[in-house]
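Next come two complexes, and both contain subunit A; in the first it sits with subunit B, in the second with subunit C.
Entry: the complex of A and B
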């Protein structure tokens, strides 16, 4: 394993290097300044960063700015190249390093600068908020929707931004059998149905205990909800 | 209404549900299949801190899985309350413990009993794989229906509807980022019931019977204080009071630890135990405003031995601890909270 495959983390104090000019893409953070706040992942986690570098480069060349299609085009590579455990993925510092130090151009290419707070979230979000950090969200959505090396559902999800927005911003998206069932059942539905069905599914969890559901149970519940919505 | 019925109150769900209708008690834990050890939780304790028990990644044998063992008890009254009479002989329900880790977006369950699940006691075993968790894991038992039924509106009528739940346990497997393990162990106990602890209304006692590993005892005879010490929040009056109480205890504890460590420094400037080394490394250089730990350790040893320099050393320790603990900040926070500034 070559040294460039070592994964790093940006320590919390390093977040102060991320100013408005950097977020706008008007300034870079000098390597020597970043180096002071970057440390190897404690678990010694590694990733295939050369391959991921190539994938990101390809996305930057092939997709126009803010094109949502780049999410689906990159998610599988992010997940496969960063073949890490959930324990490792739960460290926000890893995603901060990847966004700030490794792939800041991708973050700015994918997300238009609308406000400092919104852009800061794309670089320095992470943790249990699935919809924050620009690269963390690709990894987690792939983690929750892939089946081994099969990323069919991941591709379906990213092909429909309404699903990404309506499913992964909700707490039931933390339970994999429910995520798989609801994403699969809603994949071909129109936005209005997805919007209302996810709202009703969430509401049903007032009575239904989420972890009680098998994937089949979640699928049946989703189908009932979709039928009611149509 | 009695306290008992209040504890088992139904929620606002549109059917009968018992929020505290399951008795859940964790008793033992095992690391990677080793012989189970007792948790020795106190009455009402729901936080299980394994951070000092689990091997750290730096150690040669890292852990891979923690298993928790306990008992889940379903009282007759819970079954009578959440099932119609016709179902009580063989309740169509399953019992499990939900396992949730916020930081790793992990939600799973450990099945305890499949349908039928009636009143009685059940063994509960919960596995926590390291690669899926970090920080704190929450364990909560649930009893849920396993079949649909035509409902009269009084009882839950659909599969997977929740019927009862119980105590939530928090299992801590990692310290928060940046937080180091405590230099000494701490435990709450009733001083009035423990022969080896001081009499009277003492708040705490630093126990050096085991010089290698001192232990801080907090007197649980003062429940108003110990309740505050257990509060978890970071804002509000309780949190402010907790921080002030901790500062108060810290001052006394550090004073003793510094003097004890100073007395243990040998002629080469070395100490025997890890906690003594931590104390010397943390404070000695600041006490004498020198950069070299060994030089500072020698000065400390000399001062603690000499009746003429000892009072000056105590003054230095007092000044250093006021800097280190910074009690002013927490006191101002508490005053502002009290005055609502």
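Entry: the complex of A and C
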């Protein structure tokens, strides 16, 4: 029997608590300071945070720092433990709370500090940019590539960081049939092919309406482009 | 018709007009069927009436909805005062015996049942004109007490120009009876009162012990014999005050009207809702439709039950909060929405045709403001535009979901007429307000082409409205468009329609800021085989030694990101002293100090009839990077 916990969001003003020292992992934000800027999700959304806590704990123990394999190892659990609507997941405040308050150690374990701006994005990205906040990114990619409880494609995608980079940093990544088609078709390709094919695909979408494509259409389009690029 | 008129100190009694042979016969109240009635509609209509009758001063119109539940002796005393036993019950029995049915039968049983409760709703407005005038004239009093579907309202900004609203009072009365107590504000500026009268609206009926046909409309009044026959007069003075108290419709001696709905019930519901639930619905409906008036302190709404008093506060209804934020920030200088919560605005022109009498009208504008929705917002009215004018009532939450795209949802307002600014309205604002008022149908829930508009304005009113909405939609598209990601052709087209953005000349480059050193024009198109382009470059600074311009073509992705370069194959220039250099598919023009401007034309290499789905041909932007050499150094 698992227990559901209330989910929270970090309000916009709370972002000022996130300074360089925190991003580097050299300072913590006191709980009482955070409490002032954290509020329950207005939708009343809940999640199974106990399970997620232990998954994150396991990842921190099992994987060395910056190992990209931890994405694939955690994505399914993030998605299952946060069984929320896309609308709820569209609230940046939720992901800011999760990254800043709940799992800052994971964010720092996964992402090396290269610059303040880059690290801020890992903590305070989110919203319409799928490829930003460290945990938001896992949830959305799992959301767009899973099929019910089947996370096969999610695992394939995370096994190939070129796909993660080239597909999910683009606008068409918000349209699930296209995501499924292109990720599936590109799964075994070389990174050079993935790079060029996603660029061509994106360019072709200026001629056809993305949302009018079925998964089959998107698959045909991808195949056509891949053949040309190889 | 033979009732003897009472003298001035007489008791109130029920008076019904007799129809006489050939007089029109009424079924149920004809106005009952004209509006889609639920409690929300009730609140909206009633508040609109009160709001329109506001006095011309700084104070708000105050409206209190008061629920009173009577049982036992209280109920009996009330019914006696209302003259239920000898005045109304017999008539309702007569009505129910006729073909009009069971509703009245059940009603009589219910009211006569000593164990059942009687629900009253008193709508008390203050700082309003009250029921001024007499039966004989075109007055507030006559419009409410005498007429059907006839309006007599304060001024040009008033919400109603049909008088339909008042009928809801009877629609929501199980006993089809409403009692009024009014302190009218007379033209002298003094408050006269109280003035008490009740009105019933029954179907046409006959009583068993006389052979008169009664029309159906009845008054608890002082029937007075006049030259034109008997007229129902309101009770005045101390008698009125006492009567009002006994009927639970007493009020403070300030100008305004209290209207009591006897046996309040929602005709659209089978079950009687709990009073506290009803009170909360009333508060929510008040805020939903009147937040502009409430926010501007033009209107205060309170709902009282025996247990609690609720005040309608704009901040308590989450679904309208985003609209309120739009309204507060509607004159922001932002013209783009970047992050959730941002508000941006545009002026939307409304070109009003001349009035029917030939008077020219000034062209006006209304203010569109949109707020990018955040997932934390209540989404009840997501992607809707709240339309309202000076009356401060939201006419409609206009669904514009088609304009939203991707995750860029919004809430928007169209603040119009006397609600456009917070300052005293300009002449155009007043004309816009008048025009839109006449564009409202009886339900006041649209701005559309109406008979009223046809009467008041010359041809072109329909186009004026359509153009306003069309521009509003384009404006929304522009506001909701992606604010990053490069060339947005749709958005540029839209910009051309809004004078504040300048002349809408084509942009020279996709991403960079407009040049301060050069004036650059360019255009490009795909001719089926290749991209052709042309343009003109002119330095706008004085004293330069020469300049260069690099012209390139770049394919872009769906999201505006750069894709491959499209090599320029050929370029021609019309100016002398300009050297052309081709490098890696880019054309470079090098001009000398004497070259004041240069026009150019060129084309890319052919695409070899590439398939549109190959990813090799698609949206392309022309980029022009120009640099000038001056005596002080280079600028670009």
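Throughout what follows, the second predicted complex is superposed on the first by the 226 of 230 C-alpha atoms of A that agree within 3 Å, B and C clash if a C-alpha of one lies under 4 Å from a C-alpha of the other, contacts with A are read in each partner's own complex, and residues count from 1 in each chain.
By definition in this document, a residue touches a chain if its C-beta (ideal position, glycine included) is under 8 Å from a C-beta of that chain, and two chains touch if they have at least 3 such contacts.
Fair warning: this is a prediction, and the values are worked out from it, not measured in the lab.
Engineer: Using the superposition on subunit A, decide if subunit B and subunit C clash or fit.
Structural biologist: clash
Engineer: Between subunit B (first) and subunit C (second), which does A:170 come into contact with in this model arrangement: first, second, both, or neither?
Structural biologist: In the superposition, A:170 contacts subunit C only.
Engineer: Going by the contact rule set out at the top, does A:225 touch subunit B (first), subunit C (second), both, or neither?
Structural biologist: It touches subunit C, and subunit B stays clear.
Engineer: Which partner does A:192 reach: the first (subunit B), the second (subunit C), both, or neither?
Structural biologist: neither
Engineer: Given the touch rule stated above, what does A:42 touch, subunit B (first), subunit C (second), both, or neither?
Structural biologist: both
Engineer: Once the shared chain is lined up, is A:12 touching subunit B (first), subunit C (second), both, or neither of them?
Structural biologist: So A:12 meets both subunit B and subunit C here.
Engineer: State whether A:87 touches subunit B only (first), subunit C only (second), both chains, or neither.
Structural biologist: both
Engineer: Just subunit B (first), just subunit C (second), both, or neither: which does A:213 touch?
Structural biologist: So A:213 only meets subunit B here.
Engineer: Have a look at where A:202 lands relative to subunit B and subunit C in the superposition and call it first, second, both or neither.
Structural biologist: Touch status of A:202: second partner only.
Engineer: Where along subunit B is the clash with subunit C: 243-251, 297-305, 315-323 or 333-341?
Structural biologist: After superposing on chain A, the stretch of subunit B hitting subunit C is 243-251.
Engineer: Shared contact residues on subunit A, subunit B side and subunit C side combined as an intersection?
Structural biologist: The answer is residues 12, 42, 87, 89-91, 93, 127-128, 174, 206-208, 210 of subunit A.
Engineer: Show which residues of subunit A lie in contact with subunit B when the two form their complex.
Structural biologist: Interface residues on subunit A, with respect to subunit B: 12, 42-43, 85-87, 89-91, 93, 127-128, 130, 140, 144, 174-176, 206-213, 217.
Engineer: For subunit C, which residues count as touching subunit A in their complex?
Structural biologist: Touching subunit A: residues 318, 339-341, 374-376, 378-379, 406-408, 485, 555-559, 561, 563-564, 611-619 of subunit C.
Engineer: What residues of subunit A sit close enough to touch subunit C in their complex?
Structural biologist: 9, 12, 41-42, 87-93, 127-128, 170-172, 174, 197, 199-208, 210, 221, 224-225, 228
Engineer: Please give the residue numbers of subunit B that touch subunit A in the complex, ascending.
Structural biologist: Checking each residue of subunit B against subunit A gives 13-15, 57, 94, 96, 98, 100-109, 130-135, 142, 144, 156, 158-162, 177-178.
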